[in-house]
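Taking it in order: structure first as structure tokens, then the write-up.
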Amino acid sequence: MGGTPLPDGIKLIDENGKRLDGRRPDELRPLKIEAGVLKRANGSAYLEWGPNKVMAAVYGPRECHPRHMQDPTKALVQCHYNMASFSVDDRKRPGPDRRSQEISKITSEALTHVVFTEFFPKTSIDVYIEVLQASAGTRCAGLTAASVALADAGIPMRDLVASCAAGKIDDTVVLDLGKEEDNFGQADIPVGYIPRNDEIVLLQMDGDLTADQFKTGLNMAIEACKKIYEVQRDALKRKYTLPAGRNGEGAEVN
Amino acid sequence: MAKSVMADLKRDHITKLLSKGMRIDGRKFDEPRPLTVEKDFVQSAEGSARVHLGDTYVVVGVKLMVGQPFADTPNKGVLTTNAELKPLASEAFESGPPDQRSIEVARVIDRGIREGKAVDMEKLCIEPEKEVWIMFVDVHAIDYDGNLFDAGNIAAMAALKSAVVPAKRANKGEDYPLPVSHVPISVTAVKIGEHILVDPTYDEEIVADARLTVTTNEKGDLCAMQKGGSGSFRPEEVLRVVELSRKIGADIRSKI
Amino acid sequence: MAKSVMADLKRDHITKLLSKGMRIDGRKFDEPRPLTVEKDFVQSAEGSARVHLGDTYVVVGVKLMVGQPFADTPNKGVLTTNAELKPLASEAFESGPPDQRSIEVARVIDRGIREGKAVDMEKLCIEPEKEVWIMFVDVHAIDYDGNLFDAGNIAAMAALKSAVVPAKRANKGEDYPLPVSHVPISVTAVKIGEHILVDPTYDEEIVADARLTVTTNEKGDLCAMQKGGSGSFRPEEVLRVVELSRKIGADIRSKI
Amino acid sequence: MGGTPLPDGIKLIDENGKRLDGRRPDELRPLKIEAGVLKRANGSAYLEWGPNKVMAAVYGPRECHPRHMQDPTKALVQCHYNMASFSVDDRKRPGPDRRSQEISKITSEALTHVVFTEFFPKTSIDVYIEVLQASAGTRCAGLTAASVALADAGIPMRDLVASCAAGKIDDTVVLDLGKEEDNFGQADIPVGYIPRNDEIVLLQMDGDLTADQFKTGLNMAIEACKKIYEVQRDALKRKYTLPAGRNGEGAEVN
Amino acid sequence: MGGTPLPDGIKLIDENGKRLDGRRPDELRPLKIEAGVLKRANGSAYLEWGPNKVMAAVYGPRECHPRHMQDPTKALVQCHYNMASFSVDDRKRPGPDRRSQEISKITSEALTHVVFTEFFPKTSIDVYIEVLQASAGTRCAGLTAASVALADAGIPMRDLVASCAAGKIDDTVVLDLGKEEDNFGQADIPVGYIPRNDEIVLLQMDGDLTADQFKTGLNMAIEACKKIYEVQRDALKRKYTLPAGRNGEGAEVN
Amino acid sequence: MAKSVMADLKRDHITKLLSKGMRIDGRKFDEPRPLTVEKDFVQSAEGSARVHLGDTYVVVGVKLMVGQPFADTPNKGVLTTNAELKPLASEAFESGPPDQRSIEVARVIDRGIREGKAVDMEKLCIEPEKEVWIMFVDVHAIDYDGNLFDAGNIAAMAALKSAVVPAKRANKGEDYPLPVSHVPISVTAVKIGEHILVDPTYDEEIVADARLTVTTNEKGDLCAMQKGGSGSFRPEEVLRVVELSRKIGADIRSKI
């Protein structure tokens, strides 16, 4: 949220209330999820959300290394979020930077809430999120994909976590910011949500919002998470009822 | 295992008190710890502050150096925030490069300063595209009894308010006070069971289910937020923490 | 110990089949796995490809940035090849900086591109001694079932063939296709006992005694070679792998 | 000891034999020590010595990690000297540099000599020295503070180590160099000393000294250490007889 | 093999078929090996090969650290190839770079083949190769020296590995490229070879070669390895029959 | 534990001999080991030396590269000293980045060269504030039998004395010998019980209580000093080591 002024003459919302890519304020970008796409991982999911392309892989429960990190009472859910060097316009140096470490931390915490970690003491459940193409909203895309990958791995879970951001552009609260909206917008609110119990497990915000705008944005994100949750479930149903194929159609929204 | 048994006992004790409406140190649920702020604590820094928030003790130093702007903000200074959570301050901290915890603390404090537009970064431009002031905000934990997010935010804001741009030393004209436009203040609450407590101590932090930091400005608007921990908040709980943060933040702001 | 017992059993099984002229997945000794190549898979890259070689799945992205040439090649672009063998793709891979295995994969792929003169590096010069295009070839393993050398080489070549030099974005004139002059293709074989098999799966790789990668160009000439593993090859075996590589390489080249 | 020539017309010692800050050649800068200032650490001391501000914290004896460093016959005293990034005029990059690693090593060795390490086999006693403001003499300040912090932690010790440097400026041997004297002076001799047994446990020197000048400087530093030792003892007495407070007066010299 | 054009008027092979340093196409540079030159190492060898100066030291078999790398059925042969910062014209930054890590890997694999690793389960045999002066062909020089050092350490081996490169310059296949030939030549083929069993244990190639040229080069390298093998054996015999001295003459070729 | 038992036995043996006025290798207490110095050992370096001090074997190379001066010494070259204490030379050394031991060795050697004004750094200025020679002194331990401080110092001084500034290669005029003005020599002694021995072997070093290195110049003045080890020296012992160092240093200086 640099609050950088937009290039002259460009508005993020036009006179018809439409956004740069033609969406309504409360409209998601197209979302497609495919479960169980990798052979080596115990569970996996591939997600395309607008221009975002994200792969999530799950390994475990398996012995936790190094030993001193083992928890004798439960499994450790460790998420590793990574952006491929070519996923953004300016090549990113390989390896974890501070941003990706923060995202890994909050994603691990969100996923820990839904996994029955007490079933697997001393183990580690490792979640790898690889962003192959990035276009705003990758942490929500990663968390959404990771939930499906955990389920695909057969790990007992309380529920799936769905994730989506709301934001503010041109003083209007909107859903699921695109790349230009992220660069030139006024605020971003990524939310991770569990529909069944009305629980928020991931929440960040940056920018400038009144308390009312925040409330509106939070609700908008929550409603979107409910839709995303259905796409996640569809992806899993499709995997476990249809013969899955590399080129098979994933579950979709919009 | 011993560790975990201790944590369980501690949790039981704290929870039992909370159910009677009491915190271990006698505070009310929405009451932060006593705060003392000492500006200009370090003369070698361009701005500095020493802050005690209860027994949590933090020193922040601000350094300003001439450097290059980022290509996409050619007429703005650069902000870099770093948090040192070293074993000096707690057995819970480890030596070595910044871990996820210290990165999170630094980034949340940074986000407050940045998104809260604390400093007028355009006034840190020396020559567009060529030279700007690089502002380093270094947060050092000295004694850790919980809630480094707020202690660090307070110390950072006090240090910024005390800072002077050392233009003369760098042959860039006369010194001038760092242009602080806004004072974003973060307030952190934790959830233990169904209870929500502000400004947690270390013991409250380690037994907490979840944590929420909300940073607000003078107008009561929100500029940054961060949920942590493996627990969850219900939407109405989030809104309650937002309200607490606006109220308590205003109070803290008056003390810096 | 368990690990080693499993490896022994696996080795026995594979060897027994081989002695009957069979591979575990039914392929002939000189038959590579099915190959699918999808170019332009990643829009944020200047060139990219997604490749499946059997169950081995690789994504390569090519990025081009303006930078300085090396002093001894003032009128040539710069090639940098990196391989990410991360635990996403296999339990056999570890987090952290590149280990010897990923360095070897990257360097063998790099050697093929470089020595095979895949790209006309002089056409990546903007101004001699001052500015050239730096070409980053990043090979990401997504699912690892053996033979990353060939899957990575194929994906890299496909990505290069699809790449466009983003001159406009960098204010260096009009965009133009990356000048790909040659298509060096690597073919890897392993030796298990006395048998030589091309395009090994993971199971074949781990029981193999030795590995040999040979990279050839359109003329059938050799541009790179790498032996790996603690076993040995007899000279005539090396020559046989060279011949296999020339034949199979031509076939693969036609599919990119 | 760059031996850099002083800016024109400035002398480090004036015609009255006084130094830039008005001190006599054998005069210490003001020194103040407060023991037991931190809650988490097992022992601590805060020291102001001229413009130097130094915090020392001690943790242990505690289990030594990693295990292969454990000594089955005694405790390992490990000192970690660090300068805060803002403690000097040009911001220092965070993390240990070569200078701080050398200081950590020689400080560890000096402190090892006074701790009854044989009482605590297999353990580690960790000493953290954080320089918050630096103005020449920080290694002596750190060692002096660390001794008090060890005592405050209740760790059995043969004695306290007191530390002070002598040096040479304008061809004169003087005590306790200040910042300009360090930059433009001719030699520096940091000394760590145990008064009770007349033992030197830390000693370095750089610059240019005749053997006689060295002898003079060494004796001058030793005499100063005896005074500093009293300040250390006062700080500890004050802590253990008076109710200590954050704003309480520390022990002082000068 | 940059294939960089040679400075005007210079040819790598003159009209008499002689190379820049006067060698014939199939002629090695002078080679001298001395075994057992270090006191601390369990085995060692010092080699001068043309301008190359290479030291190899062997430690082990010894307990393998870290433990999780131990192989319960055999020893791990771990080679560490390093170029001294001053071994090349432009100072090399200390520490392993990608090139040296690749060479360490392939050298470890080549040596593993000749050591009876099964005699020493759970141990590590560490081979350190230090290039003090480099002038093309250091990986072959290192492998050749390391074999002798392993034998000097008394480690049971199937045989020695000899190593030498062939290459192509001015469209001619030649042996053992020198520095200019390496910089301006057309191809390089480093080979590690065991004469007794006619086995190739190290093989790389880069540049541009027809299949026939490769075959010629491979044979040329193999024939040279047979000569080098004799120099290796002589060095070992000399060590174990004559009183070895630091200034004693090593075994030589040419 | 075994390690510690061995050390105890070794200590007993060495101490018993010392009490009879004898060292394990028959030397007198104030007698350094035989020294051989071979200059110009490495042609790729601008200066170099191979030194054997008893069984301790060290190679030092000096490289000179054009670079920028430090802001506070705009008309002086830059000295960088590095020590490589790698497992090649001893089981006591470990792989990886420089540890405290190698940093100490490098810094003590550096301090001798720097404070002893060995090289006239102003003659390494090419253009004030712009270009100077950066001088890298790299000390490689090859075989470690104690006292790397002195072996390294001797090899460094010999390498500096043999060095030539490669001005021609860098297009900075004609080559000239490195301007070596002084030859600071360090002498190291250890204290075992009440005995003080110069030039300790490895076995003497590991049983020693404390170590003292004193570096002196031709005039017998002191330029650097470093005490190490967890033991102590009495003031008169320090002065004795200073005298020993002046005497022995002069002797060593004559051999370089």
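Before moving on, here are some points about what is shown:
In this document, chain identifiers A, B, C, D, E and F correspond to the written order of the chains, with residue numbering beginning at 1 in each.
FYI, a contact is a pair of C-beta atoms (placed from the backbone, for glycine too) under 8 Å apart; a residue touches a chain by one contact, two chains touch by 3 or more.
Since we're looking at a predicted model, the values are computed, not measured.
Think of each touching pair as a link: the shortest run of links from subunit B to subunit C has 2 of them. Greatest Cα centroid separation from subunit D: this falls to C.
With centres taken as mean Cα positions, subunit E sits 52 Å from subunit A. In terms of their C-alpha centroids, the spacing between subunit E and subunit F amounts to 32 Å. Centres computed as Cα averages put subunit C at a distance of 57 Å from subunit D. Touching two or more other chains at once is no residue of subunit B. From subunit C, with the walk directed at subunit E, the chains encountered around the ring are C, E, F, D, B, A.
For subunit A in complex with subunit B, the residues that touch the partner chain are 1-4, 71-73, 98-99, 101-102, 104-106, 109-110, 112-113, 189, 194, 197-211, 214-215, 218-219, 222. Of all the residues in subunit F, the ones that touch subunit E in their complex are 41-45, 48, 52, 55, 57, 59, 61-63, 65, 82, 84, 86-91, 95, 97, 136, 138, 140, 142-145.
Interface residues of subunit A facing subunit C in the complex, by the touch rule stated above, are 38-41, 51, 53, 55, 57, 59, 62, 80, 82, 84-91, 94-95, 126, 128, 130, 132-135, 246. Contact residues on subunit B toward subunit A in their complex (touch as defined above): 1, 4, 72-73, 98, 100-101, 103-104, 106-107, 111, 114-115, 117, 212, 220-235, 238-239, 242-243, 246.
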